[in-house]
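Okay, got some structures for you below.
In the two complexes below, chain A is the common chain; its partner is chain B in one and chain C in the other.
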Partner chain A sequence: MIEVQNLSKYFGKKQALVDINLRLGKGFHGLLGPNGSGKTTLMRCLAGVLRPSCGTTKQSDMIGYLPQRFNFYRELTLYETMEYFASLKKIPRHQQRDAIMRLLHLVHLDERAKSKLRTLSGGMIRRMGIAQALLGNPPLVLVDEPTAGLDPEERLSFKNIISDLNPDSCIIISTHIVEDVEALCKRIIILDEGKVVADKGSDALKEYARGSVYRVLADHQADLLPPYEILRRERSEEQEYLRILSPNDQNAKPVHPTIEDGYIMVIRGYPPKSL
Partner chain B sequence: MSFRLQRLRIALLSSRLLFLAPLIVVYFLLPTSCISMYQKEGLRESRALFVYLSHSLVTMLSLLWTLSHLQIWIDSEGEEALRASRRKMTSNGLDVIILLCVYLVMTLPVFTVANYFYSNIWPEWFRFGIVTSTLVAMLYVLAVSLDSVTMAALVTYAYSFLSVIYGAENASASVLLLKPHRELYPGEMTKLYFPAWGAAAVLFLIGHMIETRGKN
Partner chain C sequence: MLYSFKVTIRVVFKQLRFLLPLFAMIALINYGFFRIYTINNAGPINFLYLMLPSALLGLPYFAFVTYELVSQPFRMGSLEVVQSNASGEPNLFYAIAGTSLISIGFWTVSPIGWAIWNYLDQANGYSPLLVHSLLSILLYWIGPSLIGISLGLSLFRSSRPLAIGIILLATLLSSQLPMKMFGMFQYGRFVPADFLDWFRLTVPITFEWPDPVYGVPMEFSRWVLVAFWIFALSLITLIRMAARRRRFWIKMIFILTLSTTLSLARFAYRSHDSMNIRDLRPSSPGISDNRYYAERASIQTIPAFFSVEAYDLDIRIGSRLKVTATMHLKATDLQNFDFTLHHDLRVRAVEDDQGRRLNYQQDHDIVSVIAIEPTVYISMHYDGYVGKYFSNYQGVTLPAYVAYYPLPGQLPLWDDVRAATKIQIPSDEAHFRAHVRSPLQIYSNLEMTDYNIFEGSARGISLFAGMLTETYHEGTRYIHSPNIVQPLNIDANYADEIWQKYLDRTGALQEYSIHGKSIFYQAPSIAFYASYNEQCVDLGDHIFALDFFPTVEMIVHNAFMRHMPYDPEKAILYELFKNNLNMTSASGWDVKPDYELIRLAIEGDQSLPEDYSGDVSDIDIEAWNEYLESIMRVDELFYYQCNKLGIDYVFHEIYDYLMEPNFDEHPIDFLYKLDMENTP
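Up next, the complex of A and B:
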């Protein structure tokens, strides 16, 4: 579905992407990385809106792309915007109406089809963004930071819509929020400072952190051996616990890792315990 | 082509005021003003007013249709989704040229009627067409190079207004294309306006190249 070979991108002297090689097929793929790691640059190169400095990308002709910042021309109605995209994707005129209304129904916006975009909330615009990306059933769908700036309810609604997408397409979801891709993506690619630092299945990413995640009483924090990283504080039965990540044994029983734990391990450069 | 026309229709109809303003001026304001002037001052003054309005107001309003199209592609934050949908690094040059042609054709009926009353008005229509093409090309190339339709419109309108204001005093200045205060001088078409038309073609080509090269 998409093949990337030796892709690099420079902005002036700064190298934003370093020799990226990827081959992705059908299904959901998560592109994770901290802010500034090069995710959006990579997505823009894959979408063909940014020219790579070197390297090649091979992908299908039709692409659905929801950019990170998507706030379309506000004087158009929702239906007109979709019609505009449909004509760009050369969907035959007699099929446009059905295709548009089906997708607006999918993103729960069919009743707002005649509303001007300036009257819609940020969450609705994002949902329209995914609808336009899906027009024409593109074999490659790129979704960049889909839940950025959405309130919790809109985020949940958006995640449900994404999970209903056709898995026969190659769907790449770029985000810095691990939770957004945790349930969906079987393959996770982690970018850091423009490089692919991990390309693993979601289970393999969890396993990467196995033996390195501990839950200790907060009162015992002083006894912990550095280096360690507090992932979060948890409270149960009047006791406060720390969920920590550490490459050292911490005189505690390791707990089951999550994808987020594996992600933090990779980003921090901690080696897995099994090595 | 039908998809392209569909998009242009959506762009024009969505920006109602930008779309309607030139139509109102060309089909209502221009004829009524000229008829009124004819009744007050006679045919000669009426003709002068027709030339003045068509070379100032109607020319400048031609930019509005291009603006309504380019705003979608350049000023809105969804432009990356548009470019990804179109996939190839194509440009808006042809769309802008189509809009320009439609605008020029739209003015033809009024000039045809004017030619019946004033006689020999067609050289003025060619002058109008060339100046309009040059301004639209200027707006297009500025919009794609500055990546802002608003900035491009400001610069183009500033040039147009200065040209109208100073064109009267500097009738022979070749950098001022809008000279609504007078009719064509003999030989001016070949000396000034044909080269301006060539410049418009070059500007369209530059704009097209900037767009098709893609973003760095």
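Up next, the complex of A and C:
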């Protein structure tokens, strides 16, 4: 579906992407990384919006792309906007109406087809964005920070829509919020400082953190061996617990890791216990 | 592409913020045009002049609309989605440009309609005027709007405050305002006007001098300037767009870079092929002659030891003149020849009859040629322009006296004393054959033997073109512009009467007649910077008139004064003579002014103007007023003498005085003593 070889991107002297090599097939793929890690740059290169400084990408001609920010002429109706993007994708005119209405139904906007964009909420615009990206059933769909700026309800709705997408396409979801890809993506690529620092299945990423995640009483924090990182504080039965990540063995029983734990392990550069 | 176009059309025509200003602008200009049309009756060219400055509204409007259309997708992020589709981005940009072009269509309907109405109503179907009007609308109306679109497109990545700031700055620079404010200044070697000229896209404003012959200035370099800005801004847009797909755009960028560079170079090295009225830049053709001659020693007349029997002139008139002048000289044994040629024409080569290159030296207005052996044949190749007598694709003004072809001998082309063009035309006739290569129809004093080929014998050959036509009226041939109503009633018999009256009045003996002479009514653009003596010039077989409404009196008066020498020391009497030559009565002037009252004029005439030529703040206003008062007494003295001694007697005496070079008496003393009473 998409193959990236030795892709690098410079902005002046700053190297934003360093020798990226990827080969992605059908299904959902998560592209994780902290802010500034190069996710958006990589997505833009894959979408053809940016020209790589070196390296190649091989992909299909038709791409569905939802950038981080998306809106269009606010005076147009939702249907007119979709019609425009359908034309850009060279969908035959007689197929446009059905394709548009089907996608608007998918994103629960079919009843707002005649509404002008300026009357739609941020979440609706976002949903319209995914609808336009899916026009023409593109074999490659790139979704950049899909839930950024959405309220929890819209975020949930959006995630549900994403999960309903056709898994026969190669769908890459770029985000720094692990939760957004946790349930959906079987393969996670982690980018840090422009480099791919991990390319693993979601289970493998969880396993990467196995043995390194602990739950300890907050009162016992002083007994912990550094280095460790507090992932979050949890309260139960009037006791406060700390969920910590540590490459060292701690005097506590390890708990089941999550993808987020694996992600932080990778980003921090901690080695897995199993090795 | 088509759908991109539909989208942008929908966006523009659904938004009142875009439509209302356009409709308001159209309503406003139509109201203005209506007012100009009903109030102003100075003719179709003046109407054009007054109409075209409104076009400046188009630049900011179309720049802003285009910017808004093109920047919204960029600011909102959807441009990336467009870019991710092959050809999506250029299609959108083309669609936006196309939509703006449609708006330009609406914006341009009014001036075109008014121009057609003007042509039908005022110009009686004179088709060159219609062509001229449409071209001027294209240059000065549509041009700035197209630049506005290019500017708006090029700003697509800029923030709104920055874009609006740039659009306003561009509008200001392209208006007349900077030129009005800084046009006349020079700071060392830096001339602001030369810099500001790169941005001036509006028609030069002229209320007093609409030129019916040249029309609106549309010299070639103005078209180049508009093309340059469109190319340059489009290039910026493409470069900013092409950051991703350089290969895709490389050809377009190459073509645009080439076009931009060529037009930039062409405009930078533009010749002064036009004279915009009120163009007071130090280098403008209108005043370049004044500056040139002010810095150089005057040329002393040295008559040639040869004469030119025949000229064969091959003249190309584009944005500059390119001439090959072949001269057949009256048989001589000379090897050295001096010719007078206007200094702005640069000689490139001189050849003899065998095609051998001859040595030559061009200095000031003189070209000295050294032949290899005595010859009667010299061919000179030169090009350039002739100061204010600019000739280009729009109009040609080359009167015989401006030395646009070599005149034999060393002749001053400038009167240093009066800082004016000197009328130089040989007294002997020569045979001329001139082939003028110009898209314009040329009119000449000589007979046209084929299209733009003229042949005949005359003292000189004049060439004119522009919005001119030829009319015969009562045996006199008039070359005039149909764009203005001018009197075609120069009565040769009446001219004879006036001349005879002058002869009777002054005792002069010269003969003069305008019978059979062609009269050329010429471009006021030239007249604006013309010297005092160029308003009506008799050139033997034709008369060159720069005045809007020349009269028989004016022609004869000019002809009479031209044969009188001008001595600055006698200037006060010369002016009195000139200004009162037509006077009919001096009754009522019975009191002779006291000599003491005019003494200051005698003294001041020599000293005061010099004293007061410096800083104005140094002037002693009281002393100056006394001097002016004294000058007025001299006028009274003149009228008194006319009243007492008779007008003809006084003119007779003054004429003799002015014609006699050896009179050393002060002119006011001379005038005072005329009646032999109360002499000092």
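In this text, the second predicted complex is superposed on the first by the 275 of 275 C-alpha atoms of A that agree within 3 Å, B and C clash if a C-alpha of one lies under 4 Å from a C-alpha of the other, contacts with A are read in each partner's own complex, and residues count from 1 in each chain.
We adopt the following convention: contacts are C-beta pairs under 8 Å (C-beta built on N, C-alpha and C of every residue); 3 or more make two chains touch, one makes a residue touch a chain.
If you're wondering where the values come from, they're calculated on a predicted model, not measured in any experiment.
Considered on the superposed chain A, chain B and chain C are sterically incompatible, since they clash.
When the shared chain is aligned, chain B and chain C each come close enough to touch A:72.
Shared-chain residue A:87: touches chain B and chain C both. Of the two partner chains, neither chain B nor chain C is touched by A:257.
By the document's definition of touching, both partners, chain B and chain C, reach A:61. When the shared chain is aligned, chain B and chain C each come close enough to touch A:132. Contacts of A:51 after superposition on the shared chain: both chain B and chain C are touched. Judged by the touch definition given at the top, the superposed model places A:30 against neither chain B nor chain C. Overlap of the chain B and chain C contact sets on chain A: residues 44, 47-51, 61, 63, 65-67, 69-76, 80, 83-85, 87-89, 129, 132-133. Contacts from chain C toward chain A in the complex involve residues 2-4, 7, 10-11, 14-15, 72-73, 76-78, 80-86, 88, 91, 243-246. Those residues of chain A that touch chain C in the shared complex are 44, 47-51, 61, 63, 65-76, 80, 83-85, 87-89, 129, 132-133. Residue ranges on chain B touching chain A, taken from their complex, read 2-4, 6-7, 10-11, 14-15, 71-72, 75-78, 80-87, 89, 213-216.
Within the complex, the chain A residues that touch chain B are 11, 44, 47-51, 61-67, 69-77, 80, 83-85, 87-90, 93, 129, 132-133, 135, 142.
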